[in-house]
Each structure stands twice: as C-alpha cells, then as structure tokens.
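Which chain is which? They are A, B, C and D, in the order written, and residues in each are numbered from 1.
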C-alpha cells in the first residue's frame, strides 16, 4: 500500500528486459548507439513530426535544460506558484539559465488561469531595463495538484505567451497520465496546442531513470548537446537510456502503464468519496488523489501500513474549506505498479475507520 | 576487438543482477533507500574512514560537483593541460564553480611534475585582486595518458597544494585500474596521500552509470546535496545507483574487474613492443595502451575490424619522436569485458601486417 | 519642480569640489590611493567599529555584491515583494549569487512584518534537498514605499533571521534619509540592530556615483575584492570614489544633505494633506511622498511643469482604498537639491487645481 | 616621474569641465539624458556608421559585457596568452559569459600570429560535444606588450575568425594610442578590419572613469541593456558618463591626448636605446616602453623617485635574451599627463647611472 509517490516503484518488466538485452556486446558511447537512435525515431512517430530529442536521467535535468534553452539569464519564466520547477528543484532552472527569475502565478487546482497570466504579463513590460524580460511560460501537465489542462486551455495559454514573444515549455513528468486521461494524441497535447519544448517523462511511469527533452523546432536545440554535456547529463553508456525509452514507447507500452496507474487512482478517489468526512479539494484527473482525511482515518491507515505524504493546504487554491484541527490533508499517488489489492486494502482500512468514527 | 574505450562495454553480470534484484517492490526515492545506504557503508569500509559520499550518473557530474565544492567562482583550479576536466567536459567545471578558471600545466606522460606545479603556483600570488585565486589542484589517476602517479608522487603534489592553501581533487574515473596496478589500499592512494575529494568511478569498470563523489572531510560536503539536486543529479529512483555501487564493491568485485582490464592491456602492450616499427610513447600502467603504428599496420587492423581512436600527439609530452607521415598515433583501451581472444585477434592482425611490411 | 527621483539631481558642491581637488597629480590606481583609505577610516568613525568597506559606483552593484557574499547559489534570500533587489535590478542578485532565489514577502507600506517573515521561513525547512536553503534576509531602509523601520523593528526581524541561521543585508540606498528621520546613530540603525552587511548609498543623497558595501564582520568579506574585480566594479582611477565618499562623510555633510531632502518632503506631504481629494496611503517618513491625486490636480501639475512618476497601487499593501478611475497614484521624491521654491510652486499648482475642482 | 600606469593620472581639464558643467540642474537618470545621447551621436560620427553604444565605468566591465554578448556559456574565446581579459580581470569574462573558456594563444610581442590562431582553431572542431565551441576572438589593441596590430594584420585575423563562424572583439583600452600611431581612421582600425564589438577606452587616456561598449551591428546588442543593468553597470546619474565621453570626443580632444602620451613614450624609448646596457624586447609603438635595465640603473631611478612596475619576462615572447641576474625587466607607461620634464628627469637619472656603470 505504497501511495507515497510514483517514483517508489521499480521499472516495468519490458523496460528492464530491454536494458538487459542491450547489455550484450559493445556499443558506441555518448548516445551514438543504435538504441538511442531508435528511441529518437519512435519519439518522432509518437509526436508525428521531426523533433530534436535528448535523453537524460532526471526530470529536473530535463526541465532545467529546456528552460536554459529558451530563457536568457535576464529572462522571466512564468509558472504556477507551486510548480515543480519553482518549488522542488532547488533552483535548477536558475542554475541552467544563468540566473533567470521564476515568476509564480497563483491559480486554483494547480492551474494557471489565462486571465491571471495576462495580468501578470502586463506587469512585465518589455524593454524596461530594470526588469527581467518575459522569456518563457512553463506549464505542468499533470499539474502539482493532480489536475490536467485540456488541449483548449493549453492553446489559450500558449497563444497568450506567443503573442507576447515567449516560448512555452511543458513539464511532462506525468505526460502519459495526462494523455490517457484526455484521450487525445501526443501531438494534440503538445505542439498542436502550442508547446515549444517538452520534458517528456518516463521515470515515474515505469522507467528506471529516463526522460527526454524534446524540441519541436529542432533549430532551437542548437546549444543543447553542449549544455547537456557540460551539466554532466550526457551518459557515457548512453545505450541504457536508449534501451529504456525505446521499450517505453514500443507497442504503446507507455500508454498501458499510464492507464493502469490512472485506473487505480480513479478507484481510490471513487472509494474515498463514499466515506463520510472525507473531502477532496480537486477532482482526480490522472494518477493522484488529494484528500482531507479525518484524523482517525489517517491514523488507522498509517497503523495499517499505508504509505503517503501529508500535503500543504494553501488558501485560495482549493474549492473547499481548509482542514480542521483534527483533519489531515494528504496526497495519494498510484503508479503502473499499484495493484488493485493495494487500493482494496487501503479502502478497507479507511472504511472501517470511517464507520467507527460515526 | 573493440578497443575504442572502456565505456563501450555493458555492465558486469553481478552489477546487472543487483539492479534486477532491487527492482522488486517499493523503495524510498531520492537516495533514501537501503541500497544507497549500504553503498555508503561499503565505501567507508573500502576507504577505512568516515566519508560523505554522493552517487551520480556520470564522471563529468562527479568531477564538476567536486570542483564546485572546493573552488569559489574566482578560483584557479590547477590540472594537467590534457586533463579530462580541462579538455573533455565542455566546460562543466566552469559551470559548477560559477566561472572558475582551469589552469593547465604541461607535463610528460600526462603527469604534473612537482617542480612545474610549484612554478605555476608562483605565478598566482595570493591576494592579487586582478588574478583568480589558487583554490584547487585536480589530479587524474589514471591520467589521460594511461599512466599512474605513485602514492609518493601524489603525496608530494598534495603537500605543495596544501601548503599553498589549496584543496586537492582526484579524478578517479579509472581509480580501480590505478589501484590494482599500484597494489596499494584505496586509503593509501587517496586521503593518506592528501586527496580531499575524490571522483570514484565505476561506469568504465563495469557499472551501467554510477560514480561517487567522496569527501574525506564530510564537513566540506555541506552544500553537495543541494548542488547535486539543482544540477539535476539526484536520481528519483535512487536505489538503482545504490544497487550498482553496492554490487561493484561487494566481495572485491571492482578489483577483479580492474585486474581483468589491466591484464589484457598489458598483454596488448607486450605484444605490440615485439612488432617492428611500433613505438609506445608511454608505458602501459593501467588499462590503456598508446602506440604509434606504421600506417600499413593501422590499415590492416581496421580492415580486420579492430576499433580504436586516433590520438593527438603533442610535443613535449612524450619521450619519443612524433609520428612520421606514414604513421598513426592511437589509443587502445581494454575493459573488464575485453577477452583474451580480442587481444589475440588484434595481435595476429598486427603481426601479419608487420611482417608483410618488412 | 523635479520630483521624479533623487537621482535626477547632480552632485553637491563639497563632493564635486573634492573630486576636482583630487584630480591633481598622480595617485595609485585600483583603490590603493589615500582618499579611498581616508573614506574607509571615516566610515569606521561613522559606524564606531572596525569594518571592511568597498566603494562601487551603483546601488545595484553594492546590493548584488553584498548578497553574493552571504548566499550560496542554492540559497533563498528573503525580501519584501516590492524590494529594489526583487523588482528593479533586472536579476542582479541572481547573477552575483550564481542563481539564488529571492523570496518576496508581502507587507503593508513596504515593510516586512515579523509574523509574516516567521511564517514564510517556516515554509523553507532547512535541509530539505529539493528546496533552496534559507541564507539571507534583505531589508530596505528607506523602503520602496518611503517608510522606515524603527531600530526595534529591525532588531526583531534580524533576531528571527539570525535564529534561523541567516545573514542580514540592508539596502541602504537612502540610509541617510532614514537615519536623520529616526534620529539615531548609524551604528544603532545597522549592526547594533543586527545588520551584517550594508549597502551604504551616497549617490541619491548628493554624490556623483558612489556607494559602499560594508561588512560589519570583516571576515565575511574575504571574497569581496575578487568578486568586485571580476564583476568590473574595481575602478581604475579609484581616487574618484574615495574623494566622493570622504567629502560625503566629512563634517556631517551627508546628514545635512539628508535633512534638506527630508524637510522638503515633509513640507510637500503636509501641504498635500490639506488639499481636498488628495489621499496618502503611507506616512511620509523620509524623502518620498506617495499620493493619490484627483485627475484634475495631476493634469494641472503636469501642465505646470512638475515632474514625477505614476506608481503602482497593489492591493493589500495600503491602508486606503485604491485610486478611482479619475485618480492617479504618484510618487514624489525630494533630494538635497530640492528647493523650498520647488515645493511652493508645486503646492500652488496643486491647491489652485484643487480649489477649481470644487 | 610616474610611469607606473596611464591610470595614475587624473582627468584632463576639458573632461573635468564637462562633468562640472553637467552638474547643474536636473537630468533624466539611467542614461536617458541628453549628454549620453550626444556621446552616442559623436561615437557614430567618429566611427562613420550606425552603432549601438553603451557607456560603463571600467574596461573590465566593457570587455566582459562585450564577450558575454558574443559567447555562449559553452563557448571558447581565443585571445593572446597574456591578454588583459585572460590575466588581469579575475575571471570577469567567465562570469559574464556564464562560464565560457578563454583559450590563450602564445605569440611574440603580445600579438597573435595568424598561423598560430589557425592551428589553435583546428584543435577545436565544431560540433564535438565534449569540447567548448569556438565563439569569439578577442584582440587587444594596444597589446599587453605595448605593440600594435596593423589594419592588415587585424583583417587577416578577423577573416580567419569569421570564416570559422566566430565573432571578433577588440579590447581597445588604449584604442586612441594605437590609432594615432597607425594614423588611420577609427573605422579602418575597427569594423573595416572586421571587428564586431569594441571596448572603446577613455579612462586611461584622460577620462575619470568611462568606457564604451560598441556593437557595429546593433542587432547583436539586444541583450546588452539588461546585462549591463543586472551587472550593476547602469549608472543612476548617467549624465556623468555622457559628459565625459562627449568631451573626450569633441574637437578631436581624445586624439590630442593620445598624441601627447605617445610622444613622451617615443622620447623615452629613444633615450633608453642610447644608454649602454639597456635592451628593449619590443619596439615602442604606442604609450608603453618595455626595457631590460641594468640593476644599477634601476636602483638609481628608484632612488631618484621614478615610479614604474617590474614586468614578467616570458620565454618565447621576446626577441632578446632574458634578463640576467643583475638586470630588471620593467614597464614604463606614459599618459596624456606625462610632462616632457618627467621624461627628461628620468633620462638624466638613467644616463648618469649608465655612465657611472662604465
């Protein structure tokens, strides 16, 4: 019953098998191997166009390299106030851009509202020397609140950004989970919606450690090979990254994995709504469930061995009242490896405790 | 017959098996898992003292994080002119230090002579505002020329550095190959010889992608967790790094791997010395052989399928005359995966071509 | 009638005379001259203790060098949301710290409330790897809203900072204006109140271009000479900086200048309160007056040749309702060079227009 | 008899008078004043074309801002081994480029030979990920050895650079001294010879503290206003920079000043050649004289009150044998303020000591 995060699981069998298979014999180093090439082709198939793609080990590296490519040191990068790039990467975007400024925008349920983005943009007139210059918009899909932008919403935000001369980055650490939820194509949820650069995550969805930075306009990627190298992210035995990404994409494996994760999250959410006293500030739209639990239920779950993290409740970003003194706000994350029995076990504990409460 | 590099091989079976074994079940993320803890303990056993160790994916990351911890942005970092940190990392040390300056020191066979270091140090008087300030010495063990510093030589250089207030870093991408060649203890070749921070490589010697940054004085490592995170080098599923390093160290596996690589290099070197017309500018001291080959031999080897890279001959760093017009200067690298039959095949091709030449 | 800023005035006569006087003959370069030494001694007299002081040309340089000395690249620097370092320096602190993050704290009248600082600090637990680490608090005295912290308020904030292991910087671009308003000693308003590093401004108060970075603990300044040099802020003909600062401090000249500026601001504020329809969101505590003017008065003032800038009204930071449609929010700044007749002329225009309005 | 440097003199009377004159009344801040505009127009007149110019206080700032605009963080900047940007700016280019690498090229008399530049360029093949990428060539005119490139020599080097896709910077801290020596036009010695960005110095030649960064293609300067601001180099009372540069350029004042400095240097050089035992490794081509003095002469000069610095003799960069044990290698610099009587006094001391020696 581990709902702590989707990175506490290992790798899926097909991905692990691919790593094993590629281990035999010699292969050119530094990403010049055939598996990395294959991964690049598969990514182009998936996104239905020519791209420039770069494999790295972590989402933070993918995000920071992406932002470093689209913002000068004196740039302003707009993102949600609670975005991963803002709060959880210890200043990686600042390091890779040479000191750009992230401007956090408040917004309900982890999402930036177009009107708010417009108004914040207005505070940064271009050309005013004393201010950092608007350079990029970074959107998280899935958001930090487990919610999802529709393709229309993405398009509206990216249009505002492009009109103001900004490039748009998508932090797609959970790209697959959003995609199977929206039931659209990868192209529709990225470049067709105005995304310029994408951090395409695989780690949380079944890889060992593999993400791709994807430039839909390959010309913008001219400096990336060098920035990747000098930041220490060009793997010596690059075939192991290629092997992961190729297996991830082949035969729709990545979508299957995401469907599994999302299904269990939905079951969890559905179950929780039935328990009196449990409230959910946001809808469950991908593989995360956020819930305010009565303290007694929380205690029973923990006593029963369930793992999950408390979450921070911030005023103004939820549609429900804050947790009371005897309540706990928590995040529950499912992964491809979450079993129906994990959810069942969790629900049994919660329901029993819920019943006793009354 | 792949002698291109020691990173064209895959991972050793025990290391791969360890990765497989750790895949089962859930584990805490970001290096809080038990295997990473075990790797840390094994490293302390190996080095016979308390250390602070940090696992990362690449040698460039290890070097750059290490140097970033011991040099301010206005620092001077002294290293051999052909050091990996100087020539092969696309400016990673500059990025991680915030712009420090690497000062290349010339030296025979890839090694810095104490007298030369002393004289270069004299050019950088402390406190002169217009000059970067001496901060660190970085030594490569094995060097870029495949040679090795003795523990005495290391001690002499580190004493000069310490006397001048510098910290000393060792780029140990091939630490194991040097160690089994010197037949000393890891402690003797590192902190007992005055090394303060070590990039301890495993990738080239049988891991998939795993290196450790090791601080012998843990207090110096206070900023490392944050610098690792913000440079994107804190792995989400950190257990996979722990699994590699633990398997690498257990039961002396790492030493066995290095012995294998060195043995084949020695066989290669011994064979080459017997071929008329072949010259070797430096002794083979670890798992690399540098040779000047007659063009005809080079052609026959390539035609026969041998893989290796040409190398750059630089005046003043060799004990033999430069390659003539019809000669080629090459580097041959063996790894734990090099088979005796690879070396035999190579030698047969070379000897046949050598005989025909006469 | 120039109330645009206190940097639209030239230099005071004694300061200009000092520059002229030092022009004769040769003097050692790069701040090794006798006038720079004298300025250093005078600063020690003024602050009643040993300090390390560094003269530079701009307030942005002073602030950025100071913050760069007390925050690592992975640091969090707390400041008011509208602080100059946050909004008006185009990312200079980010550049000089190597990418630290500025955390803006909301607060009425440009001031940070201790309770708010405490609560924001609580959001940045030390040691959490994914977060930038609390490193510094930067306080502006005079604030961006023209208000002033009392010495007690400063002490309360710096105590919170020190308890949490942070260093405290004061942006004293208008240090003199605050000082003569508080009628305390420079020591009381700085190190005795817990300030560790001070940007001590002279430019806005009568110099041509001269500020000092002051470290009350000289040991913290070890890197400053080199950071100043490599940021291009070590003046070749340094005597011209020394000449300005020495003349600024001698015989209390700097205090006289500030008294003049503050006096005219107070007259301006007093006059404005008497005009019906004029509202002032904050008290005038130094040399700045912020006012909401009826549109007709604003128009008449501009037509009459008065110069000043509109200001941005932000909800939650004022004690009065926002400007209505026919009102304008403006900032009026006086300087040592503002003449009583400037204020009189301004008031006559305003009062006439105010009367006509009714 | 101060020959220590050309920055030990004060400012020329016309420049000082201009600063005084502009002090009256109010003027827009941050370089929006009329004098800065005038300086910009005068620079365009002088260089006979549209340019983008930015005034700053120091040569280090000018050089670093210029290089930051033409090299990415992963760039290689080629310059002479003893160039000011390499040895005397404490890593400013590294700071402003975000960590680019300066590649020093050896060369006689402070000059880079085209053949050497070509050969060094060949060591940096474009696109090799592990290497920094060739981005810029920086040439010093006057060089650190007091010598001058002819316009033909400049054109040859810039053509090589441009053919390899590099931009070319000129460090013209002593631009005027070189110009009056070559007797060509400013355009001929800069953009007509292939220079893309110029640090145009005035400080050493009679200003208080004023240099211009000049982009001959204004489009390349898009980021400069922001980089200048965030590095703290946008002066608040910008009129004082405008006043200096305008007076410097008006009526050919700058050329008169340089002629004076060069004349005295030539007299000094001519005099020294007549003293037995004095050798000069390089010709005197601008306002610097480098000489190897017999110890007795050196001692007599110092005893007589002459000021100058010892210089470093580096093998391979001179056309004469190194100083013997009883000889001293020194640099003598003249400025616009050097009086014929200073030179006469110096020569008398030297000749007397020279005669006694024999």
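Methods note: contacts are C-beta pairs under 8 Å (C-beta built on N, C-alpha and C of every residue); 3 or more make two chains touch, one makes a residue touch a chain.
All of these numbers come straight from a predicted model, not from anything done at the bench.
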| item | value |
| --- | --- |
| Chain pair with more C-beta contacts, A-C versus A-D | A-C |
| Most remote chain, CA-based centroid, reference being chain C | B |
| Whole-Å gap between the CA centroids of chain A and chain B | 36 |
| CA centroid of chain A to CA centroid of chain D, Å | 52 |
| Rounded Å distance between chain A and chain C, as computed from the means of their C-alpha atoms | 42 |
| Of all residues in chain A, the ones touching two or more other chains | 73-74, 89-91, 94-95, 98-99, 129-130, 132, 226, 229-230, 234 |
| Residue ranges of chain D touching chain B (in the complex, touch as defined) | 73-74, 87-91, 94-95, 97-102, 129-132 |
| In the complex with chain D, residue positions of chain C that touch it | 2, 4-5, 7-11, 16, 19-20, 22-29, 56-62, 64-65, 89-92, 94-95, 203-204, 208-209, 226, 229-237, 239-240, 307, 337 |
| Chain C-touching residues of chain B, taken from the complex the two chains share | 30, 72-74, 98-99, 129-130, 132-133, 223, 225-230, 234 |
